[in-house]
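In this document, chain identifiers A, B and C correspond to the written order of the chains, with residue numbering beginning at 1 in each.
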Amino acid sequence: MKITGTFLDEISHDIPHQNWGRAEWDRDFGYMKAVGIDTVILIRSGYRRFITYPSPLLIDRMGCYEPPVDLVEMFLQLADKHGMKFFFGLYDSGKYWDTGDMQHEIDANRFVIDEVWAKYGTYKSFGGWYLSMEISRQTKGAASAFRILGEQCKAVSGGLPTFISPWIDGKKAVMAATSSLTKSDVVSLQEHEREWNEIFDEIHTSVDAVAFQDGHIDYHELEDFFSVNKKLADKYNMECWTNAESFDRDMPIKFLPIKFEKLRLKLEAAKKAGYDKAITFEFSHFMSPQSAYLQAGHLYNRYKEYIEALSK
Amino acid sequence: MKITGTFLDEISHDIPHQNWGRAEWDRDFGYMKAVGIDTVILIRSGYRRFITYPSPLLIDRMGCYEPPVDLVEMFLQLADKHGMKFFFGLYDSGKYWDTGDMQHEIDANRFVIDEVWAKYGTYKSFGGWYLSMEISRQTKGAASAFRILGEQCKAVSGGLPTFISPWIDGKKAVMAATSSLTKSDVVSLQEHEREWNEIFDEIHTSVDAVAFQDGHIDYHELEDFFSVNKKLADKYNMECWTNAESFDRDMPIKFLPIKFEKLRLKLEAAKKAGYDKAITFEFSHFMSPQSAYLQAGHLYNRYKEYIEALSK
Amino acid sequence: MKITGTFLDEISHDIPHQNWGRAEWDRDFGYMKAVGIDTVILIRSGYRRFITYPSPLLIDRMGCYEPPVDLVEMFLQLADKHGMKFFFGLYDSGKYWDTGDMQHEIDANRFVIDEVWAKYGTYKSFGGWYLSMEISRQTKGAASAFRILGEQCKAVSGGLPTFISPWIDGKKAVMAATSSLTKSDVVSLQEHEREWNEIFDEIHTSVDAVAFQDGHIDYHELEDFFSVNKKLADKYNMECWTNAESFDRDMPIKFLPIKFEKLRLKLEAAKKAGYDKAITFEFSHFMSPQSAYLQAGHLYNRYKEYIEALSK
């Protein structure tokens, strides 16, 4: 199963920035393209006060900082140049994390969606929307927030596709800013199926694909969870993608590139489950030949050998 | 606001060593010079048993290890060569951290200051003293320790300048060796002003400049704290510098280079407050083109573009 | 004291993988050889479900994953090529860590030893066995497990040498996946001597060498612990090696390459105690010129200068 999409992790929650300029990003899109990536997804257009494009609205209403460069424009131009699709990730005010109330995200993004489409909607590569709120369980208000925002994204953009990328509440679902690697109170397969059945039931008319993060469960649990995910997606006529994490959750340094063998296990589990597409979080730190983490360049080489062998 | 000084973080508390030899340091001073750095500051001349120069005194009295190389001599020679000023950071016995009693630092440094001036005082680049004890609040005995040691430094060296670099007890003032990124019991602006007014009142005759670390408060708090700092410094006729941290306190890996946008926000806040000088902690790990952290080289490029744009 | 051996840390507990292929490993064996390393030791042949060679036995009985490459074969071929000795590290089921019962490791390895010797015993470089279970105290069942497995290794291989690499239960003996750097309940020198006397008494007929890890105690404690270790090894006619850790246990990032000065202190303490051999954990991440951690390449250069100066 080939990875054909990657997140662009600017603005980051927990991965240190590489401080790349346009030249580095241009080169990176080339490296992506060379291994078959045709889709780039802005992980979020802003997080709390840091934003990726000069939004008068977010600067005025949310006290955001004027960004030094318009990343949205740059990514769209580079996606145009390299013939890739760009998905725009919604703004994350941070208030859902602080208060548990999704209404803040609906309110902020109601205007962001209009502003962004007016400003950037004419780029050829503008290919869809990523509803960036991350959940793992049937959180109060989350499903309806996805539905409302998905509907709005589609309405302004003539029905461009939307997707979400939740995590599975497994043993490795611990905060990055803790030292522990695992926890013991985890979701069961049955709870996972029941809760996501309810969520899909509400969102399937305005969310086209679901890309579960694949890194929070153990490798031998992949098969069971992946087949439940696929069954549910099929039932609601949604696409089932995998978000193949290319960083390693099993190590004390949070986070460095994953061991290739682990990435391969996860991709093969997705293939076995009949998934529609694989994207990764994310190429530029964890798989790129020019990453500051040199392990990433070796992962790129191992992955390249792997997909070349597959295609023979 | 241009950065014109940097700490040299040998001996380190919490930043892994790069194991550079003289060739790498020589090259690094060149990289510094190329972006306008004219001042290097040895962060401390020793920490517990590890020391930067072969001090018979510290080896005998404190059980310190004989160092493999005389870093003080090397740094002074390189500062001479590159036309920079060198500030000598005092010895940190570690006992203040363990016991809260600053008397240990006074006792140890009483002799270090004499020894160092006798040994290295003739270097042209020997330009001042850094009183390396770090505090954030009106800690018992700290102000008088600064005063006593500052007086001694000035007395032996014909009045060379001295400075301190405290931190602000804000939300990010957590120990490096914890996994958390923030805390909730923080100093208020009023407490900060009151306590530092008392400290400055005692130390201003023997401490010429104060360079508050800029990384422990949130970005939107910079303006308020910076204007209080400047007001106090003006009142006591001290220079007000900023210690612009070039590493990122918001990430689980403690610590990698900062996102350029954040550094820019902090430098512009210092400029707005009318600060006299900006130094950084520190160039060689976090901003150098030859840093083991490749993000640092990109930060160097982004910073270089920024100061070139400023000067147009 | 020169380092003449290194672990190969594939499969890793806590050090992120570099994703090297055969070309990188071949080059690394060359870098090792150039500084006098003549022995490579596979740290473990498997850990829980991840294994280094395609073992039908471990895949069937332990549910292990089919590995993408046969690392044991590759390492033996490279050791042959570079004229080095290869020590095979036993399988670690993880069950001893979970349950405290060493019987699981005896049961699993009973078959692994036979399988591996049948499969790889003819390689010229196959030079010995590493009993990979790590202990620090007189743990229930550990000494007899070492004896039983050591006897079996020797029996199948015509008496090839065996060794263990325990840690000392000192102040830095904390789990990698915690944020703390030290603990307060540590073993005393007397307890250490008493417990290891008992262990050596049981194992010395089937274990040829002991290589205590040198990183869990403070630098000024090295001399005392090293002389006890040497005295005990002499008493039981075992070889006394040091496992010189080339990563830094004193820093919040767990783990990056060690400061050269610290490695030197530890090697000189081993020399002073009359140790027989120094190995390191480990070369490829922490001392190699091609390590993803660029500090490692500088450590290589500093170490090279050091051993060249020694040999003059």
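The rule we apply is simple: contacts are C-beta pairs under 8 Å (C-beta built on N, C-alpha and C of every residue); 3 or more make two chains touch, one makes a residue touch a chain.
What you are looking at is a predicted structure, and each value in this text was computed from that prediction instead of being measured.
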item: Topology of the chain contact graph, where touching chains are joined (line, ring, star, complete, other); value: complete
item: Superposing rotation of subunit B relative to subunit C, computed on C-alpha atoms, to nearest 5°; value: 120
item: Distance between chain centroids, defined by C-alpha means - subunit A, subunit B (Å); value: 39
item: Sites on subunit B at which at least two other chains make contact; value: 179, 253, 294
item: Residues of subunit B touching subunit C in the complex; value: 12, 14-21, 24, 49-50, 63, 65, 67-68, 176-179, 253-255, 291-292, 294
item: Subunit C partner contacts - residues on subunit A that touch it in the complex; value: 179-181, 219-220, 248, 251-253, 256-261, 264-265, 293-295, 298-299, 301-302, 305-306
